[in-house]
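Structures follow.
Across the two complexes that follow, chain A remains constant while its partner is chain B and subsequently chain C.
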Partner chain A sequence: MSSNVLADQAPAFTERSVDLEDRDIRRARRQSQVIRLGSIAALIAVFAYFSAVAPGFANLGNIANVIEQSAVLALLAFGMSIVVLGGGGDVIRGGIDLSLGANLGLCVAVFAVASNAGFSDWLAVAITFGTGAAVGLLNAIAVVGLGVLPLLATLAVMNICAGAELVLTQNTVISTNSPLLGSIVGLSWLGLSVTDWVLVAATVVLIVLVQGTRWGLRLQAVGGQRQAARAAGLRVQAYLAGTYVAAGLLAALAAILQAARLSGSSPGSGDILLSVVLTSLMSTVFSRRLLPTIGGTLLSVLFIGSLINGFQLLNVSSYWVNGVQGVLILFVVAVRSLSTRRGGA
Partner chain B sequence: MSASVPMGRPIGAQLVRVTTPAALIALFLIFAAISPTFRTPGNILHILVNNFSLPALVALGMTLVISAGGIDLSVGVAADIAAMLAVTLMEHGSGLGLSLIAGIGGALVVGLLDALLITVFGISPFLATLGVLFIGESVQQLATNGGTPIYLVSNYPAAGLDYLAHGQILGLPLTLWLVALAVVLVQVLLSSTAFGRHLRAIGAEPRVAWHSGLPVRRTTWLVYLLSALLCGLAGLLLSATVKSYVPLSGNAFMLDAIGAVFVGTTISREARPNVLGTLLGVFFFGMLHNGLLLIGWNFYWQQVAIGLLVFIVLGISFLSRRLQTAD
Partner chain C sequence: MAQPALALRDLVKTFGATRALDNANLVVERGAIHGLIGQNGAGKSTIIKILGGLYKADSGSVTIDGQTLTHVSPRAIEHLGIHIIHQEALLVPSFTVAEALFLGAEPGIGPLLSRRTMRKRAEDIIGSYFDMMLPRDALIGELSAAHRQIVQITRALLNRPAVLVFDEPTASLVRREAHRLFGLIRRLRDEGTSIVYISHYLEEVQDLCDKVTVLRNGRDVATLDPRDTPLQDIVSLMINREIGDMFPKSAVPIGKPALSVQGLTRRGHFTNVDFTLHAGEILGLTGLVGSGAKEVLAAIFGLAPADQGSITTHGKQGAVGSPAGAIRRGLGLVPEDRRGQGIALDMSVRENTTLASLGKLTRFGFISRRREAETVRQLIARLGIKTPGPDARVRDLSGGNQQKVVLAKWLSAASDIYLLDEPTVAIDVAAKVEIYRLLGDLAQRGAAVLILSSDLLELQGICDRILVLHRGRITHRLRPADTTPEEILAAATGAAGLGESIAA
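Showing the complex of A and B:
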């Protein structure tokens, strides 16, 4: 109880006079612009470097390849960004979904098993989406219904999903073939594969949904100022629950692309989790208000994807990839926090 | 305070706080009823040594970090780097003492890096330690050619290493004594020192702590160094037990430690991390692994069961906490 009283009074310590705030906001806006342009410049510099040095990097086929390899990560990171947007940026108390990687693994396994059990493609797809949504719903029940911290709730759900995947697959590779998977791999239009088009479509739909509709605007209100959103009559709980279910559905969509790429299910899908967290949080540097955005998430994913691809073309050991990702995120976040600190304090 | 509290509330508060211990006791009784092996003293000791000690060391460090309002995703890296340095040195003929000191030194470097990023560069603990985790994984992969384990086969200080892993003092394993030492250290630090008070103040209200002139930076440095020290110890004990270094094996500690600390917060009135709660949480996880195995559950189903049980315990305690504050 006493801690709640303290927390209610806490904002009083940080309030400053209005004109001071005004100046701060202007300065912060200028700085976030610098960061954003700097990040985009870094992205262009990496592209330019690899195009100059790595043979075949700037080749159209290779770019399609990068997008293809990034699609699964991008869809999961979109889900994470939506959850973070709705829950608020505080990683421990705000929104985060640690179950996304395990959910992906479970959905791939469910699709492979359903497909091998003789279900038609569309039924298998429906079951997969049902699984993804159910996992999202479980997160929503824990976070919204029971009030468990998102970090913990999704951690427990992650364990459940990873266990369920093991039960289904017995920790083995399950190969599967179906007309749907075949056409995902085989078909292409304008030089882009089905996977690429799914990513493009998902990006456009989500950008419109999050940045262009009333739902998206209200979602951002819920994430930014939950008390104010509640006072304004928004059904905060429904919005929060919606973000977890949306993330679950995106994991299911990613699972079908993954199943096509790997021709089935193989253990270890959950390892993608940290990259999902990384790219989603990194997306904030591409946004004017330092919030996660869909476009920024896509840029981060493509940035990481082209780094990995460039390294492959240059024959740099893949063991460097994690380290470079780590340094990168630290660099980007340090620049951001140092500049905002100078503005704030 | 007590005058304004409705009559029902204290009882409700007690109920929340007994959720975790009650679940622990209930499961203990269930396992004991089904499996005669489970309830033998030998098996309880086995749980303590093999399923409890090392995660407990890591989780104690995590208790400090989370009390201070942070989080440490690099615990596995600290444990792994310690094991990697010590095992590599021993493989090349170094003495036990030098290897262990080098291992602890390596772990402390990880803690230093965390603290540097958090205090000097102002990066949030989650992102800072996540970055260190990525870098630590790369370092290990580069050092071991992609993750090849290093086994100690011959020409290493076998006697000393055996003592570290299986030695006994007064009839109890050395490992348990080290855990006891760490428990006392962390408990005393948290409850009876200025450092502990500062740390809890920073965790509860960072801005207020800063404006009150508490040594926020110094405290943060110490917290992450202590966490890394305990993780390094866990890594060294692990490598002494398995006589090898397996790259990235420490990552298994991370989520369990975070889970244990937060499960432990459910027994505290203010929902704060605390040593006893953390130990209960770690024992809860350890007992589940051991108990489910002994009652014959398939390894894969164990993970589902553990996830579900943690989900239920967290759900009950957070829900009742919410109902309490709502009425």
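Showing the complex of A and C:
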């Protein structure tokens, strides 16, 4: 035997292992495809079911209604998706903003109070956006500056917001009316209301921002592999802070639509949080990269919206919706952790 | 004399009590391929981390192209044209190849990305350097390790670096890909790029490098021309000879086979591993990182079971599917990462000691405190564990004493086959000698010991036989009396041929 024997055997050994790796890659790829197609099939199935059994579900007016009712949730879920994208998908350590629901409630209250205090619409809007951004900044300081886990930091900020809202409103309904709110409710163009148009515009802007710009790509790098982002010279901290502020601004935008819909502020806005978490999580199953996307988030929101709407048309108690949402969260998280465990090379 | 492209001078770096770098120097000439070699722990990766700005040196200087840096950061060195290709790919798993290549310098109009240009340019560049195409639109996370590395290297080349540092680049490559990489490295050198090439495969270094710096114990012991220097001489330079006679192994009669492994194979890690370990014997196992030695140990203990082959303990054959099964068969594992896997840092010495043997100390589901205390007291005395008392937290003990607690755990479980993974890493010399004494003592009492180590003097000092793994196979079976650390290292790095020592 000579040293050549070793030289000949060694590559054969490693060669085979690489083939195996390739097969694993293909399997992981197929698996993520199955998840994606399965989710879309589920969506179509639910839609078909309600169209068949729920009277009036598929008619145009009702669909417009579903979109209208989903706008607030969609804007908040967009914010959540941006935060998750930048902070990473790890359910414990990754990005999450639990304060979104409470921020919405606070912003609605601020707008109503400012409006009733005699401020002009534009000033009230400015104050509302200032409030949303400030809450986002508070999250950013806690997460990026102080290094608190996002899960805990935003939970704390959620309580601060809820408390501030109670102080402002004394836990009562504050009715308000203003020319701006009137036109949001009243005006329409091409059969779509102002709320619908705001949703369309926000969706388009955010899709371009997240999927089509340098900023979006770099944000994905920050969330996907922080070391790599740092090595590429990105200012990781600034990106992270930016996501929380952006989420805060989206909460403020949602608040103005909410104020128009409810003609003011009423307690209990924070209840929307579960849906926000669910729809943002759900959006990941629509993407090949298993990351939250704006388009996927919108699909998920409309899915949940039609579910609620379908239940209403079928006279099923809306209390069931909470349970269904909980089951869906478990399902989505389970699918994701299963697929990352298998594909985790 | 022309200015060197890169000069690291008198670097010192300490981690706690360990001196990782002790006045290390590395001077790289312009337009040369400069190899950096050394055994595990010689300080190669510490040097690179200092150069990359990930660690800060205690003292010493980093000079790039005549300019001495006051603050070494990833940005600062990149600005001066140095790029490091790290061992673990720094790429975003959810990115496409094109996105990963251009992150930070994306082609586009204003803030908008232009994906088509990006993809086209990525294909052109990879094609021109590697003469190949990567799967279109594949995500980084879906690529093989070799392909990921191609992306990583291409990314570094985009910036036309003056100095390119490769840290163990062939660890995950098959031979064909490695040759392609060598061709590329030579081409870059000819185009004027200076290359630092870190590897522990000596044939590669001899084949590729114009100059080689040998590190040993954090010091550069020689810089030489590998083409004029026989491999054996390079190997001798790498070996650490500073420890004196500290191996008190006494002759123990070798008993019956305790553990016998036949045809053990785990695809992608090791192939056809055969050996028999006898009662009273200390068997050494060594190999480079990635040789599969660690995985063999994990397979025997049931942590990562083998695909094929049999494991026989005390004449009983059967699969070891889990650590629990292994413990029942009398096996005990002392893992390398003892803080992570060997002990529970925040539990007491007593609790750690009896963790694997609670069954024996339990009556009607309750732990018999009296018997537990007695067992623990005996073991503390027998192993000479220096602890304020049985209820002290293990976190507060020294590294050597923590290691003894791990041993005590298996002693109390009445294990008689001990698997040890780098048992003396990061513990001081006095504690090392004591661990050696304990292992000798175990063998004396009829236990069988399999020790995986990259400390060659240690292996030669305490083992009855030494197995060397190279690329997943046992290539050498050596007897300490008939071998030298040089020979063991040559075998592990693939510098020695197969054959003469197989008889042992």
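The working rule: the second predicted complex is superposed on the first by the 306 of 345 C-alpha atoms of A that agree within 3 Å, B and C clash if a C-alpha of one lies under 4 Å from a C-alpha of the other, contacts with A are read in each partner's own complex, and residues count from 1 in each chain.
In this section, a contact is a pair of C-beta atoms (placed from the backbone, for glycine too) under 8 Å apart; a residue touches a chain by one contact, two chains touch by 3 or more.
Just so we're clear, the structure is a prediction, and the values are computed from it rather than from any experiment.
Residue contacts after overlaying the shared chain place A:291 against chain C, while chain B stays out of touching range. Legend: residue contacts after superposition of the two complexes on their common chain; A:281 is shown touching chain B, with no touch to chain C. After overlaying the two complexes on the shared chain, residue contacts for A:231 are found with chain C alone; chain B is out of touch. Of the two partner chains, chain C is the only one that A:213 touches; chain B does not reach it.
Touch criterion met: A:319 reaches chain B, while chain C stays clear of it. Once chain A of one complex is fitted onto chain A of the other, the partner contacts of A:156 are limited to chain B, with no touch recorded for chain C. Of the two partner chains placed by the overlay, neither chain B nor chain C lies in contact with A:261.
By the touch criterion defined above, A:221 reaches chain C but does not reach chain B. On chain A, the patch touched by chain B and the patch touched by chain C overlap at residues 1-3, 6, 10, 13-14.
Listed in rising order, the residues of chain C touching chain A in the complex are 74-75, 78, 90-95, 99, 103-104, 106, 108, 111-113, 139, 141-146, 174-176, 267-269, 271, 470-473, 475, 494, 496-499.
Chain B makes touch with chain A in their complex at residues 71, 117, 121-124, 126-128, 130-139, 141-142, 146, 204-205, 207-208, 211, 255, 258-259, 262, 270-271, 298-308, 310-311, 314-315, 318-319, 321-322, 325.
Touching chain B in their complex are the following residues of chain A: 1-4, 6-7, 10, 13-14, 91-92, 98, 138, 142, 145-149, 151-153, 155-164, 166-167, 170-171, 274, 277-278, 281, 317, 319-327, 329-330, 333-334, 337-338, 341. Residue ranges of chain A in contact with chain C, taken from their complex: 1-3, 5-6, 9-11, 13-18, 20-22, 25, 28-29, 208, 212-218, 220-221, 224-225, 227-234, 288-291, 343, 345.
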